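Just below is one structure, and these are the notes that go with it.
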Amino acid sequence: MTPVLQVKNLQVSYYTDAGRARALDGVDLTLTAGEKLGLVGESGSGKSTMALAMMRMIKPPGRIEGGQVIVDGTDLMTVSDEDMLQARLSKIAYIPQGAMNSLNPVIRIGAQMMDAIKAHQHQSTSDWISAADMEKRCIQALESVDLNSNVFKMYAHELSGGMKQRVCIAISILLRPKVIIADEPTSALDVVTQRQVMETIDRVQKQIGAAVILIGHDMGLMAQFVDKVAVMYAGRLMELSAVRDMFTDPKHPYAQALIRSLPNLENKGVFNGIPGMAPALLQLPGGCAFHPRCVHAMEICSTHRPEPITLPGGQILECHLYSEKA
Amino acid sequence: MTTATLAQSEVLQPSRLTLLSRYLRRNKGLAIGLFILLVLVIFTATGMATKDLKDAYPLSVKTKQPPSLEFPLGTDYFGRDLYVAMVVGLWQTALIGLLAGALGTLIGVVLGFISAYFGGWLDTAIKGICQVLTPIPAFLIQVIIAGSLDKRDVTIYTMAFVVVLLAWMGPTLVIRSQVLTMKERQFVAVAKLSGMGDLGIIFSEILPNLLPFIAAAFVNQVFYSVFASFNLAVLGLGPIREPLLGNTIWAANQASAFFNNWWWWPLFPAFALVLILGSLALVNMGLDELANPRIRKTE
Amino acid sequence: MGIKLVIQLVIRRLLFLILVVWAASTITFFIPRLSDKNPVRERFAELARLGGFAPADLEKIVAAYNTKFGLDKPLSEQYFDYISSVARFDLGVSFNKYPKTVMELIMESLPWTITLLLVTTFLSFVIGNLLGAVAAWPRSPQWLRTIATPFILLQGVPPVVMGVLLLFFIGFRLKLAPLGSAYSAGVIPDWSSPAFLWDVIHHQLLPALALVLGSVGGWVLSMRGMGITIQGEDYVNFAEHKGLGGYTIFKDYYARNALLPQVTGLALALGNVITSGIVIESMFSLPGLGQVLNAAIISNDFLVIYGVVLFITIAVATLIVIVEFLYPVLDPRVRHQ
């Protein structure tokens, strides 16, 4: 199956008063239609930067320095600004983190959905739909996220947190994109609403057959929802494995430490943190970014950055420990 | 496994001066505003130290002279040396501004604080009075007061007083809302729990946090006082013998300076006022940026 | 919607209005009385100066008029008389311009003041806010963003000083506009003639320009500050994620939200508008309320003084209340309360 999303060697840096921070340092990803990828990592690991970079929304002092983001055959890094505007929402859509404030407070929900469709209207004349059809499409989208059609006429402040989040989901599927990025869509919600929202994302994703990248740091949520998990650290992709493999047999020392740190019923009361701190992106350690905190660190780890290797089981790793096994 | 740590002494702390100059470089508005004010202060100070201040009053020097080496800003119809008049005028304007500004801010801080901290009917009363007095056009009242006073009674100090009379409501409400938010916040509750008395809380917890707002209110008040006193003077309601900037322009208008081609007479005070108010506005904007980090530029 | 709530609110605001007017009238009542000047005597003194002689029984005449106008009653009684007549919308007569009533004087001069202030406030609000919004918008072309800075500096220039400068450079040096008064000397007002209309507009140009330039800076500054705050809001970000074009985001997501607090600012700015208006009118000798007030102060014609102040206070307070009621129309979040 041809992949619907290919990220190759994506590089993003932020230029601050104190120097250059490498937020993304050569990240590769591939997704096929309908696949769900969970992107996890500590704060500052680069997950949100990844989402912004894929939508080409990195603003100064940040800069996309290299790499490709190929969605449905087109490299978004090379298209014109206008084409990028068109590509957003129609090819690659985004569900924001804090839906609390993501909806315009002074215009109705319906208007905010319609303006998204209208903005993509002139793409090609065959796509032209009337205002009435646009409205129908919006209401359909609302209903597919379990919202009443009269939400169309409401204002944002009349909705609860969960409802607002679902409106954002509805907006993201309006133009049937190939890739949906959900950036911590449930972090501001209570557990019950979290489940609702995740089920909604799951359902609409299946309906339109889109690939989903779920960004977050809630491993439990990942386990229930995604097909593959990618672990990021200091702007680099440490391990990418199928979800079952990641949880039962993580290969990368960092991934192992993460899984180990998850609370489980067997060793109640024992908290296994990871000693040390994530490096400042301004001063990345030489070689492998994780080596200062790695129990298995070897000499080569401090001097040479490991190349990504694919293991027989399908896992993709950046770690010197496995270079012989490739 | 090793974790690299930096010994505390190895990290050099930039000196206070460097931090200040770095900030000023980013907050150009504040820097320029302060600079202009400094220039004005130096101008006034040197003028007051070197010139005979009597020349600022009528019948001192040759009349109607355009600017020259002897009279850098020219002279007016009544025989004032306009350079000396400018120096004295700047000094007096500063005096009014600072006096009225300080008084207005003081009243605002005291009333706003009492109102917010003690609450109850006192709060309702103070807040109510402020709200009722605000829509009354302060300038009109000032005009009426100044107009009703006997001309001999109008001095710089009465002007400052007249200006403050209806100007204290603004700072009061601002300080009040700030103290109210602070009351809600944790550190007051914590201080109370640890047994600090009311007075202690006021001086050690609340006041330091209020300082940026007090500073901003002060600059605002000075701006307003200079503005208002100037407006009154321009209408001829100030102490007309004094060479206040507004007075000079009023006198020039009365003598139809433009028609008579004595352009230097009203023009220089006009420029001077622009400099004063402009620099105060810049400082105000700069302080705004200091107090509200969101506005701070990130590049 | 809760009609009862709305009615309660309206009544509360009306009470507030009345309170403000009472405070204003009380303050203005006592101030001129502090001065020794008797308006009747002043008027006769003026007549005497013009005529070249003083009537022998000046004091008797003054005393007679005093009784007629009730000026010899004790102050507290005069106060109550005054308050009760104001409540009946009777502002009394002008001593100086007797028998013209205060209301007449106000109505004659009002159109001049209102047109000038209305037009200039509208212009500076629209231009200032537009400029401020554009200046804070990161995607505006660089030249537009820097154009805002001189406007901010302009804020330090009071309309009066602006008036002086304009008078000098445009009126005097370039002789492009007249130096004062409502229309050219010796011209008979004829509102139906376009030539006259142009003459009037020509005379209003400099004062209007002075007022607009003097107040536009404030709007630019405040809108710019507001714009910077709004830019950072999540919904502006999400609008970009939706692939909306720059113009749409500017209009519907950014400007619309930033403008709301500015509208309340408009009510607060009214005080400044009146202040500048009066001073400009004086400087350019325009026949508006400012002139009326000025003349009244000089002769201590206190009923006129009270009338003008009262009138302006009521106008300002009413406008503030109107803006308060306008806000829910513009901001749907407030409608809920």
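Residue numbering begins at 1 within each chain, and the chains themselves are lettered A, B and C in the order written.
By our rule, a residue touches a chain if its C-beta (ideal position, glycine included) is under 8 Å from a C-beta of that chain, and two chains touch if they have at least 3 such contacts.
Given the structure is predicted, the values throughout are model-derived calculations rather than measurements.
Trainee: Farthest chain from subunit C, going by the mean of C-alpha atoms per chain?
Mentor: A
Trainee: Identify the chain pair with more contacting C-beta pairs: B-C or A-C.
Mentor: B-C is joined by more C-beta pairs in contact.
Trainee: Between subunit A and subunit B, what is the separation of their C-alpha centroids in Å?
Mentor: Result: the chain centres lie 52 Å from each other.
Trainee: Quick one: report the Å distance separating subunit B from subunit C, using the average Cα coordinate of each chain.
Mentor: 24
Trainee: Averaging over Cα atoms per chain, report the distance between subunit A and subunit C in Å.
Mentor: Whole-Å distance between the two chain centres: 56.
Trainee: Along subunit C, where are the residues that touch subunit A in the complex?
Mentor: 138, 233-235, 237-245, 248, 252-253, 256-257, 260, 330-333, 336
Trainee: Can you name the residues of subunit A that touch subunit C in the complex?
Mentor: 55, 57, 59, 85-90, 93-94, 96, 98, 100-107, 115-116, 119-120, 155, 157-158, 168, 171
Trainee: Can you check the complex and tell me which residues of subunit B touch subunit C?
Mentor: Checking each residue of subunit B against subunit C gives 131-141, 143-145, 147-150, 227-228, 230-231, 234-235, 249, 253, 258-259, 263, 266-267, 270, 273-274, 276-282, 285, 288, 294-295.
Trainee: Write out the stretch or stretches of subunit C touching subunit B in their complex.
Mentor: Residue list for subunit C touching subunit B: 16, 19-20, 23-24, 27-28, 31-32, 34-37, 152-153, 155-158, 160-161, 164-165, 167-168, 171-172, 179, 221, 225, 228-229, 232, 271, 274-275, 278-279, 282-283, 293-294, 297-298, 300, 305, 308-309, 312-313, 316-317, 320.
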